[in-house]
Every structure is written in structure tokens, then in C-alpha cells.
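Here the structure is laid out as C-alpha cells; the discussion comes afterwards.
Which chain is which? They are A, B, C, D, E and F, in the order written, and residues in each are numbered from 1.
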Amino acid sequence: MMLFKLVMSSLAFASLAFADTPKLDSGNTSWMMMATALVMIMTPAGLALFYAGMTRAKNVLNTVMMVFSAYALATIVWVLWGYSLAFGNDVLGLIGNLKHMFLNGISYSNLESNGYPSYVFIAFQGTFAAITVAIASGSIIERTKFSTWLAFVVLWVTLVYAPIAHMVWGGGFLFNAGALDFAGGTVVHMNGGLAGLVAAIMIGKRKGFMKTAMMPSSIVLTALGAALLWFGWFGFNAGSEFAADSIAGSAFLMTNFAAAAAAVTWIILDYFKYGKPTLLGAASGAVAGLVAITPAAGFVDVVGALIIGMGGSLFGFWGVTGLKKLFKYDDSLDAFGVHFIAGLWGALATGLFALKDLAWAGSPLHDKGDRIGQMVVQLESVAVTVVFTVVMTAVVLKIASIITGGARVSEEEEVEGLDSTIHGEEGFHL
Amino acid sequence: MMLFKLVMSSLAFASLAFADTPKLDSGNTSWMMMATALVMIMTPAGLALFYAGMTRAKNVLNTVMMVFSAYALATIVWVLWGYSLAFGNDVLGLIGNLKHMFLNGISYSNLESNGYPSYVFIAFQGTFAAITVAIASGSIIERTKFSTWLAFVVLWVTLVYAPIAHMVWGGGFLFNAGALDFAGGTVVHMNGGLAGLVAAIMIGKRKGFMKTAMMPSSIVLTALGAALLWFGWFGFNAGSEFAADSIAGSAFLMTNFAAAAAAVTWIILDYFKYGKPTLLGAASGAVAGLVAITPAAGFVDVVGALIIGMGGSLFGFWGVTGLKKLFKYDDSLDAFGVHFIAGLWGALATGLFALKDLAWAGSPLHDKGDRIGQMVVQLESVAVTVVFTVVMTAVVLKIASIITGGARVSEEEEVEGLDSTIHGEEGFHL
Amino acid sequence: MMLFKLVMSSLAFASLAFADTPKLDSGNTSWMMMATALVMIMTPAGLALFYAGMTRAKNVLNTVMMVFSAYALATIVWVLWGYSLAFGNDVLGLIGNLKHMFLNGISYSNLESNGYPSYVFIAFQGTFAAITVAIASGSIIERTKFSTWLAFVVLWVTLVYAPIAHMVWGGGFLFNAGALDFAGGTVVHMNGGLAGLVAAIMIGKRKGFMKTAMMPSSIVLTALGAALLWFGWFGFNAGSEFAADSIAGSAFLMTNFAAAAAAVTWIILDYFKYGKPTLLGAASGAVAGLVAITPAAGFVDVVGALIIGMGGSLFGFWGVTGLKKLFKYDDSLDAFGVHFIAGLWGALATGLFALKDLAWAGSPLHDKGDRIGQMVVQLESVAVTVVFTVVMTAVVLKIASIITGGARVSEEEEVEGLDSTIHGEEGFHL
Amino acid sequence: MKKIEAIIKPFKLDDVKDALMEADISRITVSEVKGHGRQQGHSELYRGNEYVVEYLPKIKIEVVVNDDFVEKAIEAITNGAKTGKIGDGKIFVSPIEDVVRIRTGERGNDAI
Amino acid sequence: MKKIEAIIKPFKLDDVKDALMEADISRITVSEVKGHGRQQGHSELYRGNEYVVEYLPKIKIEVVVNDDFVEKAIEAITNGAKTGKIGDGKIFVSPIEDVVRIRTGERGNDAI
Amino acid sequence: MKKIEAIIKPFKLDDVKDALMEADISRITVSEVKGHGRQQGHSELYRGNEYVVEYLPKIKIEVVVNDDFVEKAIEAITNGAKTGKIGDGKIFVSPIEDVVRIRTGERGNDAI
């Protein structure tokens, strides 16, 4: 996110008379609306299909429903109070105040410093909140009560996402530390993936986990989901420049390139380890690469993007085939294995590969050319996110679970499938 | 649609020497091309899947084919003569003349007043014509002859859509009344949904309607279709500002928010009435909310959008579960129940919730702060659309039916399924 | 492609002091980023589904995987050396040099003459390379070794695509001849389709070809793929103007119109020849029309677009139902029949229907009003492409085949299906 | 005890089931099969090639009954499945030597 | 030789197969069927209408054995498939007069 | 009358059908089953875990014939289905006591 930089530059401008009244830039407005639409499609279409294709046919609608409803609920929460908590005036460095509930005090005619409407900024940020919580669903699919999920989404966006977004982007205490996170590697991917793991451990394993074969309903859907995620990620990363300019163009190119490098890397890993290059692997690789490049997109050059992309797959591959087997948690669709692990790599790799010139003003790398200092800052912001997310997700899930009388469906429902038992529907009548 | 406003403002400009030669604005041009692409994807992908997922597997290709061919045919009709009938010089306040057939007299270098090419305006408007007639197919699926449908599309776009578009947007007699319809709640959604009902009643019920279970081929497809519709709707609503500006940004945000509110509302209604929150319900809710916010998108604030979205689901829910059972018409995929009913609510709610400042110049609300007067105008425009559409759709379908020797397939064809009997294909060989 | 024209106009500008430092245009940048995203979605989503729906269920993942991996690999090759080979400094009129490997020497802040970042131009061009090679996969599906395909993609982008792109767009010997090819009819569609045919003949027919019924897994997927292709094609064609301006708007409108005309034409042909209008036909028709209009999009008016679109379907229809039966090659998914044949028609029709005013400066038509001369140039560029592609594709495939120990899977693998034998996965567990 | 197997047209399943219920036969097992017989299949098109679908979708109903129910069952199925057109299908009767109800372990006639 | 046909609950397939393997019966043929019996199906919703799913998914196992394996097979299947709840299913035993192994042309007991 | 049931490899269906036609046996019923026998299934991967597909897709052909057609049918099926490799399948012959043609009500040998 370039918020930091934007603030810097508006400070710079502040000495000039016209600085506080940015003029509408139709090109930037056009781009930011499209970027928002692109990030939107990532959730109810991209992620929903990516996940749905991996679940068993008897739970396919429940999977889509969790993602779809997360998008809708998070959007409502965001407009009503989430945005205010994240971007309202700072309270103790931890959270924003509630002044902008219902977007109170923000006129449709307000413009951000790059000359596009504040309402578009709000909509754009809302799609980030939505996908973050939706990512977490991938870890707890096929066994979680739908009512618990709904409660969790509302609470989590309010009490976990909004504070973290505030700390990192909205003027909170991490805001001034100079961490480099171009488009939300920490706030979105590590955050969502880790919340998934915590929830997966608390809710427990699926019946038959590691024993019976749980075959994916259709990897065709997963591949289509990955393609749509890739498509939407252009808005996610290049949109996080908040302008249609050269940095956005660079972020765009690097995003595409890193994703491609990661997809091919996973294909190769599959080939060497198992002798069979899977389509699930290619799709997972693309996503891992996209996750890894997210914090770095606008800061790196071709070599950096290549290494970050390949590393995303390498670590993601290890996350879903190694780490998971080691600890035997049931991170069903690997939200943790892909989003957290590749996101962690990306956050650290950003410190390693960001170019001094492209790094935001205010970061140790940009201001003093201090790469070691930068790495320390990157680690700090990772550590804060991890601690905060683990603790708060556990609290929030516990509350959601109590409100709804337990987070888990009955064993019979799990065996029969959540589509028919919870939703009264079946995925396919072909 | 902002046409009304645009004309106003060009009148205002007319006193200035340079008013008649708008300059190209690359930002607005960029946005209007993308908005057109977004509305395009709504029909052959969004609506096609939304509908296909709800039909029985034996008719799934026929359903897609009706929507796909409607897009293609309507596009041809639009360029060849439809645009001219809708936006050509006024004839009796009812329809445009044929001067611009084949886009005669319109150069590729013509610009609209916001500085984007007239050809983009024509393409944008064409996608509206296409989706309107495609919506109607949802009511008559699984029993209608394909040849009749093709004839109907050509006639309906020519004789129903073009005149209504002219009356409301193109300089016809409703043009000056000051009705507020931001993006086509009346012209598109009420119009298409009502045409569907008329056709459904004329063609008659499907064999076994209300008796045998007609299970949807795959709600996964329906949910994907809804997500793509939602995505495209950003172009539909925010594109109807015809500029990348603050009002567009506001329309964008409100569209997203109202859709989210509506999706959650339908989930809750499902839960309370049947104990099972269905994915079909969540998807239908999102669409109902999008329909309802369409006429209001650029006029309302957060509270307005919230109420309009929730109301869209409330009335839509009643449309498909209450009204339909009461009158026992076979509106197969609920084009009427969702598009007309939620569209009607939206048209009236626009009068209730539009903000004076945002209302178009020339409307009673904007000019005199007269909300009652505005409601009267809204009712008037609804009434005219309803009467015109009902009568003309019946006439047009009758003609199409005569030309093609009856509008309905034989009973054997209906039982075997339209995919194999009409198209010689089957939906799935898995 | 407007490169030619751009170069012309920058030459014109060269006399002015400020010509070499174009200013950032946020509108053009916004449009070119979106256009790139649109072309991207054509490959791993549009083409992948278009093809996947046509293959048998046992090969559906392999089909997606070939397209998906082609996108990723081609993107890597493009950034690492392909771009330099295509657009680097000219060597012998045939290919660019390797100066820009790894984008060496190109700064993120470089702008193209229309004021958008060079990095966006590179990304945009990369998506063209990717789809071109991916198109070829359609001819050799269901029997080709995956390892051979990977090797082929790398070699073919390097040794076939990059040189042709250089000759036509990058300053090579066809660059100055004045051929009109707005968005890549020759470089992309004829090229990819012909490579497919050559490969299909070399690899041989599928077991049971022309004997057993090979039923498509799901035409629903094919139709969705066609819709996404259509959507992305707006970026492909209108993006090839490299600006959000009037010509782009015209290319946009004509693209949509020609596709619609072609879809309806194929429906009619199906109807008259077989009595059954198929959805596969409607989808194929749309694609054929899009292929045909590609070289002509920014040059023609409504009548030209209509004839070109209809002709695309007419010749495409003949390509897949007539020509193929005559010569009995196994062009499995008709990459040759649709892309080459309709592309050839489009290339020639561009000469016939391009308007003098819209033709690029430097072409015989524009400079001297010489349509005959233009036709000769069009034929020349077609002939060069054909000869070069046929010879080089054969060479490249031979090499790929040798490296990987034969290009074809064993008969048992072919019978069992490539999904399980090569990838260890199955398309559907429903 | 006999097993009665019937191959019928899919859209007749409900009628056959209702007829069996009326004859007090309420336990049946149903599966999807494809039949090849005198009835002609429709044809499918792919790229202009016409493939006759040689196997028509049929439903197989299996019901195991005590000997005195055999004629009733045949009658019920015939009534439910008959359209009078080619392709109505067949009923096959075969001997069953033993039946076990898994839940209770009951055997023979009682287990049916 | 006898054919043993069992209709069981789908999620019991693995247990039944394992039990048969232990009884040295390793060749089986399995198919998906739908059962209608005393067990009640769940219901599906479509637009607020509730449709009871009258046919429950079941698995049919077929195994042809020599006469001295019949009781073993019945016992194995019963053990594997039993939950004690309604819907556990049935086992049917019927005579087989001849068996041919296609690969070798062997006949009768040897071919099983 | 006998019922001849054969479990064969899917890709041999066309050959078997043709062989039966030549032997003047033109009415058959076909269904998809899964077989477990000596033939090893391929394995499927999911996230690096290898699952052996224990059940291989097979086709079951059922044909009911008069007694004098039994050997012809067996021969035809054997010829059509044989590849000589493990997994070629089996043919089972069992008695049928009665046959009814639903369309006409015909019984016994005439109804076949």
C-alpha cells in the first residue's frame, strides 16, 4: 500500500496553497474503479471456485457459500463501521475511532490525494477486508457450522482485520516504522492464512483426515478460480499504487511475472517429487507466487520478482506437503500453507529485494539505504501481526462458537455432507 | 442514466464558443470502454450461468444458447437500426427515426459531451439492450422453441426496447418529466422481467410444474453467474454516469453495498422461513439487491443504499416464494419475481431516498425539493413502462409465434429435454 | 498493432523539442493496464475453458494444464529474453538482439509515446505471445506428452513467435512494407492456428479419430470460455490502439459487432446444414468472428465489420466441417480450422474493407489510396508468415520431440486418458 | 423367493413405484443402465458429425419378493411402465435362494 | 457357485471390502444404486419448495463364490455393513450355473 | 432362459457389442460398475498424497437369452472382450424363470 507514501507526499505539498484540494483525475479514477472491481471478483468468483474445486462434491455449495457470504457480510461491516475503525482518527495507536460509522462525515465529493474519490478508496479497501476473512475459510471447510462462520466473519473483520489495517495503514503504531508492504502481504495474506490455521486447530480435524481419500470435486473449477484470482490480482497489486502511473505499471508486470515463475516452479517440484505435474499444483503455484509478490510488487525488478515468485512456490509447496504432514493439523484447503507461508516469505523477501529508489520514503531502505534495518522492520511487523492475529482470532472464534452453540457440525452431518444438511441443496444434478 | 443531465449541461455550455467540440478525455474513455466490457460480460457469462445452473441438466445448453444468442442478435439489431430508433431524432415523442441506421452519419471521431467517443456510447447502450431481452428468457426456459426465441429477440428489441429507451433516455415524452432512473431500473429490469412474465403466461407452464421436482443442474454455476453479474454491474451502474468522476465513485460504492446487504437479507429470510440458508438464495439476493439499487445508485447515501438493498431481497423473496405460488404462473427462473419486483421497489425507493443534491437537474426533487412530486413522476414512468411492455410484448410474441409455427416445443421434446432435441447436444459427458 | 503508426508519429514529433519525453497520461495508462488484464484472462480462463469443454472428460485437466502452463512459461520466456528478441535492436531484419534480456536497460519509469509505461507495453505484448502458443495446443490435445509440450512452448516462443513479432511489429523487414494488421491477425491467429496444424500432422491422429464418437466433456464450459474470450478481446483489439481514444472506441465497437454477426451466422449455417443450431457452433462462430475482425478492428466501418464477421464464420465453418474431412488431419479442437482460416480471411478482408482515412500512414492504401497495392502487401505478409511458421514449427517440434524422447503418449495412456496417466488426477469427482 | 428385475423407461419410474406401493411392495432398488434394443436412439451432433446414441438411458428396478408376490409385482410393473411403444422394456424373474437383513440378521422370507 | 448381492450404506463400503478380504474373498464388483425402503431420505429445497429425496444412495456389491464360501461371505458382509440402524440393507443369494474367465477361457469353479 | 452377465473392460464394449450382434443377439443392457480384482488400479495424487484407485471402471453387460443361445453368447463376449491381460473380466450364467415384454405382455421365450 502506498498510503504511507501518499501521506508523505501530501505533507510535502502542504506548504503549497492548493495542496489540500486535489483535482479530479479521470484516469486515476478510472483505474481505481476498475482495480476495485478486479479485487471484488477475486472473492465470490476466484476464491470461491479455487476452494470449491478442492472440496468434496458433498460440500461444494457450503464452500462457495462461506466465501460468498463472507464477501457480503464483510462489505456491510466495512461500510457501517469497519472503515471507520481502520481509517478513522487514531486511538492509542491501535485502532481508529467510530467517527466515520456509516461513512458519516465523508462526502461523495471528497477526493484522495491522487485525485480519485474517497468513496472509491473505501470500496477498494472493503474488498481487501472481505478477501482476507474469506481466505481463512479454506482451513476449516467441510466441518464448520454456517452460523458460527457468519458470527466469526462479523467479529473478525471488526476485531482483527480493522485493528491490523489501522496499525499498518491507517495511522497506527506500525504506520511510522517504515515497513514495506506494497499491497498487503502482511495485512491480508499472512493474516488470513494464520487465522485459518488457528481456527482449524480449534475446530479440529475432519473425520477421516489422513485416512480416507478426500477427492476434490473438480480441479477444473480450481484452475478457473486460480485464473480469476490472477486476473483480479492485477487490481490488488497495481491498484495499491492508487494511481495509474509508472509504479503501478511496474507492479503490474512484476505481479504477472512472479505468478508465472511460481506456477512453473510448482510444476517442476511436483514433477521431481512425485513424477506427476498436477494441475492443482500449477494453480496452487500461481496463487503462492501472487501471494509472495504482493508485499513487493512495486519495489522490485525482474530478478527480484523471479526469485520471490519461485520462492513462493518452494515454501508454499513445503507448507502443504511437508509442514502439514509434520504437525498433522487439518488445514483443509491450505489457506495457511499457501497464504501464510508464501506471505511470510514475501514479507521477508521484500526487505531483501526491494530497490532503494522504489522503496517508500520513510523506510530505512529508502532513507538511509539500510537494508539490515529494513529487514528488522519487516520482521517486527510480521511478528506483531502473528501475535495479534493468533490471540485475537482465538478469542473471536471462541465467542462465535459460544454464541452459536459450538462451531462444529455433528458427525452425521459431516458424513452426509454439509450441502444437504445445512443448506438443503446438492451441488450437482447432472 | 445521466443522459438527461448531460443534455442539460450541454445546453448550459451552449452559450460558450467551444461547447460543441468536447475534447477527448482519455480517463473517461478508458472508463467507458471498461464499463462496456463489464456490462457485456454480464450477459453471455453472468446471466447465462446464473440461469443455466438453475435449469435441469437436460436443458442446460438450451438455456445458455438462449442468452448467448440474445446477446449476439440484439447487438446486431442495435447497430443496424436499434440505436437509431432509440437515439435518433424524435418522432411523435415515441421513437427515434431511422437516420442513423448502420450508424449512418456518426463518425468514429464524434465525441460525447464528457469527451469519450460516441461509438463507445453506442456500444455501451447496445449491451443494455442485449441484457434486457436476455433477462426475459429466464421466464420461459425449458419449453420454448428456439426459432420463436430468435424471432422474438429481433422484434422485441426493435418494437419494445428501442421505443422505451427512446421515451426515457432518447428525447421521448418521458424524457422531460424528470423521472430519476440512474442506470435503467425501469428500462432494463422492470421491462425485461415483465416481458418474461407475459411470455411465460402466453407460452404456458412446463409439464409437471408444481408437481415434480425440477432440480437445478448446479447451483455452483448459478453462484458463479451471480458473482460475474455483480462484477459487471459496476460497469452497468457506475458506467451510467458516463464519466470517471465522483458520482461514478459513489454509484460504485452504493452498488456494492446494496448487493451485499441484499445477499445477507435473503440468507436471513431463508433461514427464518425454511431453516436452511441456501446458496441459491444468497445468489438471488445479491441479484435482487443489484436490481433494486440500479435506478438509485448515483442518488443515494449509505442509509438509502442499505434500505434499498434489503428491500430488494425482501420483495424479491416474496416475488419468488409468495406471489408466484399465489397466481401459479410458471416464471421458471424468476425473471419476473426478481427483476420486475425488485426493480419496481427500486424505482419507487429512488423517489423516497434520492438526495436533493444528487438528483438530476430537471427533476422535481432537485429543482424544487419536491419529493411528493418526484414520487408521482416515478409512478408515472413505472406505469407507462408497464402498460407499454405488457401490450407490446404480447403483440410481438404473438407475431414471433405465428412466424415460427407455434412458440412451444412438443411434449416429447420437453420430456426428453431441449438440449438433445433442439440442439443435438448434451450438456455433460463426465 | 499501431506500432508502425506510433513510430511514424514519433518521427513526426522528432522535430519538436519535447517529443522524446512523453508525459504520463493516466487515462491511457489506466486503459493499457486493463487491456493487458483483459488479454491475460483470455488464456488461462477463456481459452482453457473453451478447449476443456470440447475434450473428453478423461483429458480435461490435461487440456487446461497445457493452456495454463503455456501462459506461465511464455510469460517467463517473454520477460527473460522474448521481448528483447522481438523488440530489441534489429539484426538482419529478422530478429531483435539480446540487449534487453531480463528487461535490461529499460527503466520502470520509461514511457511509450502515448504516455503509458513501457513496462505495461511489455506486459501487454507478453500476453500476446502467450495466447498465440496456447492456441496451437488445441490441435494436438488428447495425445501429446506434457514434457514435449513444455519444451515446445519455450522453443516456439523463442524461435517462431519472437522473430515473427519482430518482423511485423518490431522493426523487421515486414515492418516497413505497410501491411495492415490492427491487432495481430497474422502474428497471433494465423501463426498459432498454423503451428497447431503442423504439430497435429507430425504427432498424428488420435486413436479412433473419425471412427469413435469423442464427446465433449461439457459445452457449458466451452460457451463460458467463448464469453470470456469475447470479453478479453476488447482488450486485445481496442488495446492495440495503445491509447484510450477514438480509434480504440471504434475498434471496440467493431469487435463486438463482428463477433455478434459471426455467432449468428454460424447458428444459421448449423441450422441449414444439419437442422440443429448447436451451442458449440454459436461459441465457435463468435470466436471465428473475433479472429476475423482482429486485423481489421480499427480500420473498418459497420458494413466492413459485418461482412468480415459473417465471412469469419463462413470460412471457419468450412474449415472445421469441410476442409478437415477432406484432408483427414486430426486438428482436434480446430485451432487451425478456426484461427488460421478465419484469420486468413480477416487478413485479406482487411485489405478489401479498410478505410483509407483509418489506414495507418505508410500503408499503400493510406498514402496512395492504392487498394490493389494494399492487397498485394497483405498477401505478402500472409505468405511470409505461412512459410516461416510451417518450417520453423516443424523444426522446433522435432527438437522438442527429440529432447523429450518422442512427442506422443503411449496407446494405453491415450486410451486410459491423460489426466490420470500424466497428471495423476481426474477431472470430476461429482 | 424371487428377484424381479425390470428395465423400464426413465420417465416411468414414478408410475412404476406408485403401482408397486399399491401392491404393498415398498422396498426396491433402482439403478441407471443403458439399453440397446429395437428402440432407436436420438443422435448427437459434434462439429457436424452425427453420432447416433446407441445406448438409451433406462432404469433398472430390482425387487426381491416372496413367491406369492411375483404375479402382483409383474402386474404392477407392467401397468406402471407400459406406453405401448417400442422400448417399454422387459421384466426378468429369477430364483433367490436366501435373503439376509443386515440390521437384524434375519434370514429367508422374513428378511424380505 | 452362488452370487451374493448386497445392498449397503455407501460409507460402509470400505469396512465391507476389508471384511471380505480377510475372508479371502478378493474379487468384487461394486455399483451405485438408489434404494427405497423404510429409511427416510433427507429433503432438498428449491426456492422454498421442499422435495423429499425418496431414493437414498446405496452401494451394491456383487461377488460370485464357490458354495463353501457363501456363509463366510454373508458373515463378512454383515459384520462390515451393520450399524444397527434402519437402512443397513440386504444380502441376496442366488444360483450361478457357470462362470467363464475371459482372459483364459477357464470355466466353472476354477474361474471364480 | 439364462441371464449372461459379463464384467468387461470399458474400451472393449464396442467390440463385444459387435460380436453379439453378429451372433444375432441384439438386445442388451449395459451399466457402469467398478471392479476390484487382481488388476492393479492407477493412483491419484492430491497434494502429494497418493491414493490408489482401488476400484477400476468396468462395464457390466447383461443379456437374457434362450438356452440355445448361451454358448454363442459366451463365445461372442469372450472374443470381443479378450486382451489376454489381467483384468479382462468374467462371465456369469444364471437361470431366469420367466420373462415379460412390457409392451405386449408376452411371456417366456417369446418375450426375449
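Operating definition for what follows: contacts are C-beta pairs under 8 Å (C-beta built on N, C-alpha and C of every residue); 3 or more make two chains touch, one makes a residue touch a chain.
Treat the numbers as computed from the prediction; the structure is a model and nothing was measured.
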item	value
Chain labels contacting subunit C and also subunit D	B, F
Comparison of A-F and A-C by number of C-beta pairs in contact, larger one	A-C
Distance from subunit C to subunit B - Cα centre to Cα centre, in angstrom	33
Euclidean distance of C-alpha centroids - subunit B vs subunit E, Å	53
Subunit D and subunit E, separation of their C-alpha mean positions in angstrom	18
Between subunit D and subunit B, distance of the C-alpha-averaged centres to the nearest whole Å	48
Residue numbers of subunit E (touch at least two other chains)	31, 44-46, 50, 94-95
Residues within subunit C bordering two or more other chains	25-28, 30-31, 34, 215-216, 274, 276, 278, 280, 423-428, 430
Chains that touch, pairwise	A-B, A-C, A-E, A-F, B-C, B-D, B-E, C-D, C-F, D-E, D-F, E-F
Interface residues, subunit F side, partner subunit A - complex	44-51
Residue ranges of subunit A in contact with subunit E within the complex	212, 415-416, 420-421, 423-426
Residue numbers on subunit F that touch subunit D, as the complex places them	3, 17, 26-31, 62, 64, 94-103, 105, 111
Sites on subunit A touched by subunit C in the complex	25-28, 30-31, 34, 38, 56-57, 215-220, 223-224, 226-228, 230-231, 234-235, 238, 243-250, 252-253, 256-257, 259-261, 263-264, 267, 274, 276-280, 282-283, 286, 301-303, 358, 427-428, 430
Touch list for subunit C against partner subunit A, complex	24-31, 33-34, 36-37, 40-41, 44-45, 48-49, 52, 60-61, 64-65, 68-69, 71-73, 75-76, 79-80, 102-103, 108-109, 111, 116-120, 122-123, 126, 146, 150, 221, 422-430
